[in-house]
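A short worksheet on the structure shown next.
Chain naming follows the written order as A, B and C, and within any one chain the residues start at number 1.
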Amino acid sequence: MADKPMIQLKDVSKVYDNGTVGLKDIKLTINKGEFVVVVGLSGAGKSTLLRSINRLHNITSGDILIDGKSITKAKGKNLRNLRRDIGMIFQNFNLVKRSSVLRNVLVGRVAYYPTWKTTFNLFSKEDKQKAYEALQKVDLADKVYARADELSGGQQQRVAIARVLMQDPKIILADEPTASLDPQTSIKVMDDLKMLNEKYGMTVLANLHSVELARKFGQRVIGIRAGQVVYDGKMEDTPESVFTDIYNGGDGNKEAK
Amino acid sequence: MPEKQNLMKLPKRKFKVMNLVWAIIMIAGLFISINVTNTHISVLFKNWDQFADIFVQISHPDWSYLSVIWPKLIETIKMAVLGTVIGSVVAFIYSLSIARNIVKNKAVTGVLRFIMNIIRTIPDLLLGAVFVAIVGIGPVAGVVALAVVTFGIVVKLFYESIETIDPGPIEALTAVGANKLQIIHHAVMPQIMTYFISYVLYAFEINVRASTVLGYIGAGGIGLNLQQTLQVFNYAQTGTIIIVIIVVVVLIDYVSSKSREALMK
Amino acid sequence: MDTTMKKLPAKPVDRKKQIIHWLIAILTIALIVWSFTDIDFGDIKATAGQIAGAIFAGIFHPDWKYVYNGSGEDLISQLWQTICIAFLGTFISAIISLPFAFWAAHTKHKHWYTSRTGKIVLAIIRSFPEIVLALMFIKAVGPGSAAGVLALGFHSVGMLAKLFSEEIENLEDGPNEAVVAAGGSKFHGIMFSTMPNLMPALISNTLYRFDISIRSASILGLVGAGGIGYPLIIALQYRQWDRVGIILLGIIIMVVIIDWISGWIRKKLV
C-alpha cells in the first residue's frame, strides 16, 4: 500500500485551562489504511490525543492535518466537513438512548444534509436503506426499530459502528471501544473494526488498555506517557517488555532500541 | 463498494396507534381550550400598548412609597413565619400518625391521609379568601391560611420520608422492650429531623411568596398595598411593591435553599 | 480477667460547631417570638364558628341546581373553563420555556455569566406576583379567561424553564459529542441528542406544572381573569355560605381528578 499520510500531527501540544499538560510536542504521521493501537496508563493522554484529531478538544499549539487539510484552522462548515470524514467510537457508545436504532445510525449522516432537512427528519430513502444495510453488516438488522436502550452493551457498540459506517469516513477513532464490554463481546467489536479496516481501507486509530487485544488486532503500536509519545513501532517487532514498561511507568523507548 | 452479502430492503416501521391518539387528544385539547377561553393571538395585540404602558410605569418605581409599605412588609414576613411554625408543628404530629411503619392501623392512617389529601388540593389564595370570610379581615386570616398550606406541604413530604427510614433501629428498640414514644425518640427522630427541618424551610419559601399576595383579598400583609395602588391606577407605586416583593422572595429563597443544601450534606 | 476498665472519656466537643448551632437556635426562637407580636389572635369574628359550619353544611348539602343548569354560569361550566385556562396556559408556557431553559442551562454555554443571567431572569419571572400579571393582562385584553391564560402562560415560565434547564444540565454529554464528532452542528446536537433524551422529562415536568396551573387558574378568577375563582369571591361577598361550600367541593374534586390523571400519565412515561 502506498504510504499516503492520512493523519499528521505537527508539534502538537495541549494544556488544559487548569494548567494540566495533556499533550506535549507530539509529532506523528499515520498512513492510509493503518490499524494503530495507542497504549498507555489512564490519564497518560490517549483520549486527549484522539479527541484532538477530530477537534472535540482544541489544541494549544501545533497543527493537525487530516488527509492534507488542517483541522486546527478549519471553522464552521469546513470543520464539520472534515469531521464527517472521521468516525468516532466511544467507550460509552454515546447513543441517544431514547431514539430508535435507525435514527441513531442516521445521525452519522447529518453532516451531509442542510440543517432544515434534518430538523424535520427528512432523510432520503436511499440513506434509510443505507442505514439498514450498515446494520446488517454488524448483524443487527432485526433491531432496526428497537429503542437503543433496549440493546445490550455489545449491541449498542455495534450500532455505534453502524453509525460510523454511515459517515463513509476515511478515518476511525476508537476511544476505549471495549472498556465497558465483556471479553467475548470485545472481540466481536474489534473484529468489526478490523473488517472496516481491511474491507474498506479505513484508517483505524484505537485506544486500548487491554494488551491482549492490542496484540491481536494492532499493526502498529504507539505508547503514550505523560502526554508524550514514548514508543512507536510495528506490532511484530514489539517485545512484551515494551508493554510491561509502559504500564509500569517505564520508558518503552530504551528497550526498543 | 465490493459487497457479497445479500442486503435486505428496509422493512416498514410498525404504526403506533397510541402516538396518534395522544396527538389527537393534544390538538383537540388545544382547540377546545382556545375556544372556551376565547384566547386569540389578535386579542393580545389589540391593546398591547395599554399593557406596555403599565409595564413602563411599573418599571419607574416611586421610591418615596417605600416608607409606607415598610410596616406592611414586616407584617408579611411575620405572617409567613407564624403560618410556617403553626402549620409545621401540627404537621409533625400528623405525619407521625399517618406513617405506616409507626401506626399499624390501616383504617386510621387511611382516613387521616384522605383528609390530608383533600386539604392539599385547595390553593392558598382561595384558603385566604375563605378564612377572611370566617375570621374577618386582617393578618390572622392570612396566618391560618398559610398554616393550612404549610400543613399540606410538610405532611406529604415528611410522612413519605418517615416511611423510607431504616427499619433496623425500630426493630432493635422493639426487641429491647421500648414503648412507642421511646421508639420514636430513639429510633425514628434521629433519622428524620434533618428532613423535617428541610421541608419546613421549603414550605417557608412557598409561604413567603404566598403571603405577599394574600393581602390583596384582605388577609393581611403587603398585598393590601398592592390592591390599593392598583385600584387607583398608581402603577409607579405598584412597581415599588413588586420590586420589594421580588427582592424579599429571591433573598429568602436563596438563604433558605443554601441552608437546605447545608443540612442535607 | 483485667478488672481495671477504662473510665468513660468525656464526649468530644467541637466548640465552634456547638456555638453556631446554639446561635441558629436562639435566632430562630427570637424570630418566632417576634412574629407573634402585633398580630392579634383575639380579634377573630364572633361568628367564625357559625360561618365555618355553614360552609361545611354547603359541602354536605350541595345546591344541585347550581351544579349544572346549562346556563354557562353553573359550577360545571366554570370548572371546565378553569381546566381550559390551565391547559392552554401550561401549553403556552411549555413552548416559551424551551428557549429560556437552554439559556439558563450552564452546560450549554462557554461563559458562566450567560447561564447566570438566564437564571436571574427566571427567578424574577417566578417572583413576579401572578395576580398582578393577571391584572396587567386584563388591562390589555379585557376581563375574562384570556387574561388568565396569558398570565398563567407567562408566569409558569419562571418555574417550568428552571425545571427544564436542570434536566438539560443533568444530561450526559456523550451522545451530543457523538453528533458533533460525526460533523453535526450545535443545532444538530440539540435536535438529535438533547431533545430526544429530554422529552420524557419535559412531558413529566409539564404535566406536573399542569397540576399547579389548575390551582392557579382557580385563583385568577379572584381578580377577574376567568375561572371558578370569580363565582367563589361573589358567593363570599354575598354570604351565600352553602354556595361557597359547593364551589370548594367542586374545586377539590376537579383537582383530585386532574392530579390523578396526570400522575397516571407520568407513571406510564417512566
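Worth a mention:
Basically, a contact is a pair of C-beta atoms (placed from the backbone, for glycine too) under 8 Å apart; a residue touches a chain by one contact, two chains touch by 3 or more.
For clarity, every value in this text was computed on a predicted model and none was experimentally measured.
In terms of inter-chain touching, the protein chains here all touch one another pairwise. Across A-B and B-C, the chain pair carrying more C-beta contacts is B-C. Put simply, the C-alpha centre of chain A and that of chain B have 50 angstrom between them.
The distance from the centre of chain B to the centre of chain C, with each centre set as the mean of the Cα atoms, comes to 6 Å. Residue positions of chain A touching 2 or more other chains: none. Of all the residues in chain C, the ones that touch chain B in their complex are 31-32, 34-41, 43-45, 48, 51-52, 55, 80-81, 83-85, 87-88, 91, 123-124, 126-132, 135-137, 139-142, 144-146, 148-150, 215-216, 218-219, 222-223, 226, 229, 232-233, 236, 239, 244, 248, 251-252, 255-256, 259. Within the complex formed with chain C, the residues of chain A that make contact are 54, 56, 80-84, 86-88, 90, 92-99, 103, 107-111, 115, 118-119, 160, 163-164, 167, 173. Here chain B touches chain A in the complex through residues 1-2, 5, 7-11, 13-14, going by the rule given at the top.
Contact residues on chain B toward chain C in their complex (touch as defined above): 29-30, 32-34, 36-40, 43-44, 46-48, 50-51, 54-55, 75, 77-79, 81-82, 85, 117-118, 121-126, 129-130, 132-136, 138-140, 143, 209, 212-213, 216-217, 226, 230, 238, 242, 245-246, 249-250, 253. Chain A contributes residues 128-129, 131-133, 136-137, 141, 144-145, 199-200 to its touches with chain B in the complex.
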